[in-house]
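So, here come the structures, one by one.
One chain, chain A, links the two complexes that follow: it is found with chain B in the first and with chain C in the second.
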Partner chain A sequence: MAVLAAPAASVKRRRRAVRRVPPTLLLFVLVPLAVEGFWVFWPALQGFYLSLTKWDGVSAPTFVGLDNYAEMLSDDIFGTAALDTVIWIVLFGGLSAAGGLGLAMLLNRERKGVGFYRAALFTPVVFSLVATALIWQAIYQPDGVFNNVLGAIGLDSWKHSWLADPDTALYAVLVPALWRQLGYVMVLYLAGLKGIDPVLYEAAKLDGATAWQQFRHVTWPQLRSVNSVVLSVIIIDSLRSFDVVWSMTKGGPYHSSELLSTYMYSTAFQSLRLGYASALAVVIFVLAFGVIVTYLVRAFREDQ
Partner chain B sequence: MSVTTTRPAPPAAPEERVPAKRNHKRARRTFGFHLVAGGLSVLWLLPIVLVITTSVRSFSDIASNGLGALPHSFDLSSFGEAWGVGGGGHAMLNSFIVTIPTVLLSLLLASAAAFALSRFQIPFRRTIILVMLSGNLLPPQILLVPVSKLSELLGIYDTLTALIIVQVGFGLGFYTFVLQGFMRSIPDEIQQAALIDGAGPIAIFWRIILPMTRPALAALGALAFTWTFNDLLWSITVLRTETVMPVTPALLGLQGQYVSNWNVIAAGSVIAAVPTVAVFLRFQKHFISGLAIGAIK
Partner chain C sequence: MTTAAGLSRRHFLRNAGLVGLGALGSSSFLAACATSASNGPVKQAAGAVTVQSNLSSPQAKVAIEALAKAFGDKGGATATVNTVASETFRTQLPSYLTSANPPDTFTWYPGSLLSGYAKKGLLLDVGDVWQTMGNYSQAMRSLSGDGAGHQVFVPMTYYWCGFFYRKSNFAKWGVTPPSTWSEFLTLCETLKGKGISPIGLGAGGGTQWTASAWFDYLNIRINGAQFHRDLLAGRGRFDDPKVKKIFDPWRQVLPYTDPNGTALAFQDATTVLLQGKTGMVLTGTYFADAAPKDAIDDLDFFQFPILDPSVPVAEEGPTDGFFASARTPHQAEVKEWFKYVATPEAQELYIKNSSGTVLPANPSAKNSGTPLVLKGKKMLDEAKELTQFFNRDSSDALQPTADVALIRFIQKPNELDSILSDWQTAAAKVFQGQS
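Now for the complex of A and B:
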């Protein structure tokens, strides 16, 4: 017993030695933290402050209190951009979640050809949104493939320049965004579906559950944590969406496809109204805030 | 993985005993699956086929037959145009000058932080991890104006250095979060043994923990490469001059330069997609598992 006890004690001591933090290790944490602090947290704080100022970027910013926020109330373009952002969250987010889940369900079972189908649907994810936008811009041209197909199936009256029409521009931009996002969400759901214990399905089948009942009572509840991740990801992605709109329409024509993100960018770097632009950025932050907190709480809980 | 092994695959022999009617039904369902999945795949690949065919058509073919017509020509000069006069080659060089240091620096700093935070009792370690992650979740819009002014103040506005630093800073939180989760699953005994042999923390980090983190580093490396290479927003925020633009923003410039030369624009898009497609094909498994990290968390 005594012989056994001695090494145990020394192990314990050694373990405590590991736990004492050597000073070099503090640098391991402090250097990255300083980089992020200087280039992310410090600018973010400045962003909040700038939203309370009027600034052209040249002379010193003047403090105007909440004037920028008051101005939004009477700014029609802000109204359009806010509405479009909501439409974007609902359609881009909703369709990519529902479509991604559908595709994952379709391609979940390992069978012949499934690897090819998954790869085909996933490929656009690796393209930049700018390249994606240009590919689709060519498709939407008046003499492009899309109008040709419409002509070929007898819908000549539907032909028009999809990106130049204020009524269709936002939706025309949405399609390429979805083309690229669906494969990504599909991968998230495929990972989730892989984690479901097959025994649950066997039990359900023994009880005579139909395919719909299996989905409703086995798959869906089991996907709960994936669902909340997908929800966070798509809301954060929707609010960040910028590249595809900027590349295809720059928010036009007549601001019809303007999102808060594109409006913020053009206000800042084209109109040089840096204070008002910062206030727009704060609005985007506020919209994302709930999702960010939910995401962090989950990360905190799982990081035990 | 477990799904394929645990789920009883329909054995071949009993299938013959299945009544013909059921067998027929199964064949029809398999056909239906391939019809739907195949149809969707074709639909998804069609835009890619289109951009490639457009890129190899001649300008006069597109002008006379229309952009959406079947190709009547085969002409690779558009690639030379996009690469040379259009500035694609130079932009590609800029992209690599930005992307490679960004990926290496991000992963180095993030894995150092992750090592300290996961293997030692750093005070407030959990808070630090979450604060770092929260920085990555911020909408970038809130940072654009201050970051562009900060880089002006430091005299690095309109340089690739600014773009590298900004992207490293913004990505760090996410990479640190993923890596520390991975490093915590490495058994403590290995570190103990090295410590008894007199290895310092840097040696343990560099020779033991980092090599064992390789799968996670490969996954994050592939993702970071794609994200950095495909970036538009940070580039157009800290850069202004055409000649320093990486491929992704340069593609927008190309579009402005060759307004209706769709063959050149298409060639540019194809060129811009080659590096990320290559990384994806080479690291396919890591890439997918990297994306899925988010779902499992």
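Now for the complex of A and C:
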């Protein structure tokens, strides 16, 4: 009897255990949820609400409906900032992905001293971007290193106030941002490359695949999961690129290096138009979220 | 041994509890948490006035800290200085003022921003401090009001602006300071002939606002101080033909302006001036904070030339000082601090420790007495009207719109019409957003 009853009781107990979540577990789920909710979701919702108001940060916000979004349509500076952000995503994202993958392929094979190069390329990631920006600002000075080098190799006519000229400011700021991002993307791809089974290459070689065919049909498909990480990182990093631009040009001269992020900041904290700035923040959020979700949905569909 | 430890532990707990209670009563829960371990800091919190300071340049920082120390040494309340980078200070000011437990006092300047905060009831009325300041000029008094009959500001120092140059360099080049606009142009031409950039500018690298000195001076010289104030307060338009007119003389001197002027920060422009690569810089005396002490003795300045003799002469005389949060728990101590900084001793002490190129706000206080400072004071005393500076007469929110317009004008003077209409659009948004 006792022997027969035991399994039945244990099944019953197990069933009850499945149905009733232990309070400790609940605590572990609910407390972080509450913290996350309070510090992340609530401010995010509030930001969305603020985008529908006019607010100077001191008095109470007044509700204005979609006026802030309507204003964007006729705002030239918003247009410039949006265009610059697109240029930034394409150049910053494209060059760091292509360059990072190239460097990773180059430094993937174990050779003498390859560790040194990997470390050297990764070093800029360790620096704070603001510190990086200060160094590059000095490099770009009218009598800075960059112009001196140009002078030394006989290109005096190319000398330039790189950060003060509206035609070059955006690209001059892009270089230090890229300088840092390359190392980061390289490390992500290196990790991906290490995870590819060498047997696949062996098989490809036996079948007489060229280097390009190996890359196209072995390396690239195998890197798919890394690619989605790199894409997310790039999109998020481009849209939140702020520190390097703000510390070097503040979006200037006259909005020529303005990104959506710097425009949002100056609208909020210089013009004290926090309602409009919140609307800009919502636009940035929608852009980032839209691109990433589209990509992830596609990636998952391919997997199935 | 065990009893002693037990006793002392109990003793400690009781003390801590009492201290915690006391702190809860006097200030906030946060303060209690931070200070419940010992009773030292709590006593201090009861008396110490926190001075939130944006004076981050080395000499000014030393000077304000010396002032706080002298205030503490005199007995009574004490003050602690908390220096914050000026950009952070500016962006955080609304948060400081609206927080439940704000710093007590702030370094700042009079202007529309201050009266805006006063209207919202965020600033402490310091009318009783002004009762001890009977000898202050009427101009200082009205500057420190909120426009509704309350005094909300205590001035400590002010300074002047002009074309600064090195005496030794002018002697070497054989030139003398001009007194009229045409002499000024001749001077520029002469210096350019010697291969020197006549007019230095530091309107790059985060200090674009220095270009506004040019706008201010041209406007007060041609259209007068009242027109200037009205324009900056939103009662005029930047695309007004009268505003457009002031860019004509500016256009005349653009060929003499350092081509790197929009790429250099004003600290670097100071270096370039001291090295003799540029001839002169239109600036306030604050630039001396970035100059070595020995170079300061070699500096001289001349007044911005008169363009229209029929316009009453106005000069920029920006004033610096303090205001306090209406929510300060230390009202009595704050007012004690204000009464102190308004005294001649305090202002003389501050000037002695700073670069010495500012003037004391108290007329009984002695300035540093150098020929440069005496000349600056004389110029301001003789002026019919005083203005502050672009951001002070308008707001820090309007300043970036000026930066965009003026830098673009310096680089592309032919686009003036669209520059001014864009400026008006941007300025209208700022004024609308603030109302």
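Here, the second predicted complex is superposed on the first by the 266 of 304 C-alpha atoms of A that agree within 3 Å, B and C clash if a C-alpha of one lies under 4 Å from a C-alpha of the other, contacts with A are read in each partner's own complex, and residues count from 1 in each chain.
One rule holds in what follows: a contact is a pair of C-beta atoms (placed from the backbone, for glycine too) under 8 Å apart; a residue touches a chain by one contact, two chains touch by 3 or more.
A quick note: this is a predicted structure, and the numbers were derived from the prediction, not measured.
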Once the shared chain is lined up, is A:Q270 touching chain B (first), chain C (second), both, or neither of them? second
Could you say whether A:W179 touches chain B, chain C, both of them, or neither, answering first, second, both or neither? first
Regarding the shared-chain residue A:Q141, is it in contact with chain B (first), chain C (second), both, or neither? both
Which partner does A:V229 contact after superposing on A: first (chain B), second (chain C), both, neither? first
Where does A:A164 make contact in the superposed view: on chain B (first), on chain C (second), on both, or on neither? second
With both complexes overlaid on chain A, does A:Y254 touch chain B (first), chain C (second), both or neither? second
See if chain A has more residues touched by chain B or by chain C, and give me that chain. B
Please indicate which partner A:P22 is in contact with in the superposed arrangement: first for chain B, second for chain C, both, or neither. first
Quick one: classify A:G57 as touching chain B (first), chain C (second), both or neither. both
What part of chain A is shared between its chain B contacts and its chain C contacts? 57, 137, 141, 269
Flag every residue of chain A that touches chain B in the complex, lowest number first. 11, 14-15, 17-19, 21-22, 24-26, 28-29, 31-33, 35-36, 38-44, 46-48, 50, 57, 103, 106-108, 110-111, 113-114, 116-117, 120-131, 134-139, 141, 143-148, 179, 183-184, 187-195, 198-199, 201, 226, 229-230, 233, 236, 239-240, 242-243, 246-247, 260-261, 264-265, 268-269, 274, 277-278, 280-282, 284-285, 288, 292, 295-296, 298-300, 302-303
Listed in rising order, chain C residues that touch chain A in their complex are 91, 94-95, 97-98, 116-117, 120, 122, 204-206, 208, 259-260, 262-264, 268, 396-397, 399-400, 403-405, 407-408, 411, 422, 426, 429-430, 433-434
Please name which positions on chain A make contact with chain C in the complex. 54, 56-59, 76-77, 137, 141-142, 161, 163-166, 250, 252-255, 266, 269-273, 276
Would you mind writing out the residues of chain B in touch with chain A in their complex? 1-4, 6-7, 30, 33-34, 36-38, 40-42, 44-45, 47-48, 50-51, 54, 66-69, 109-110, 112-113, 115-117, 120-122, 126, 128-130, 132-150, 165-166, 168-170, 172-173, 176-177, 181, 188, 191-192, 195-196, 200-202, 205, 226, 229-233, 236-237, 247-249, 251-252, 255, 262, 265-266, 268-269, 272-273, 276-277, 279-280, 287-288, 291-292, 294-297
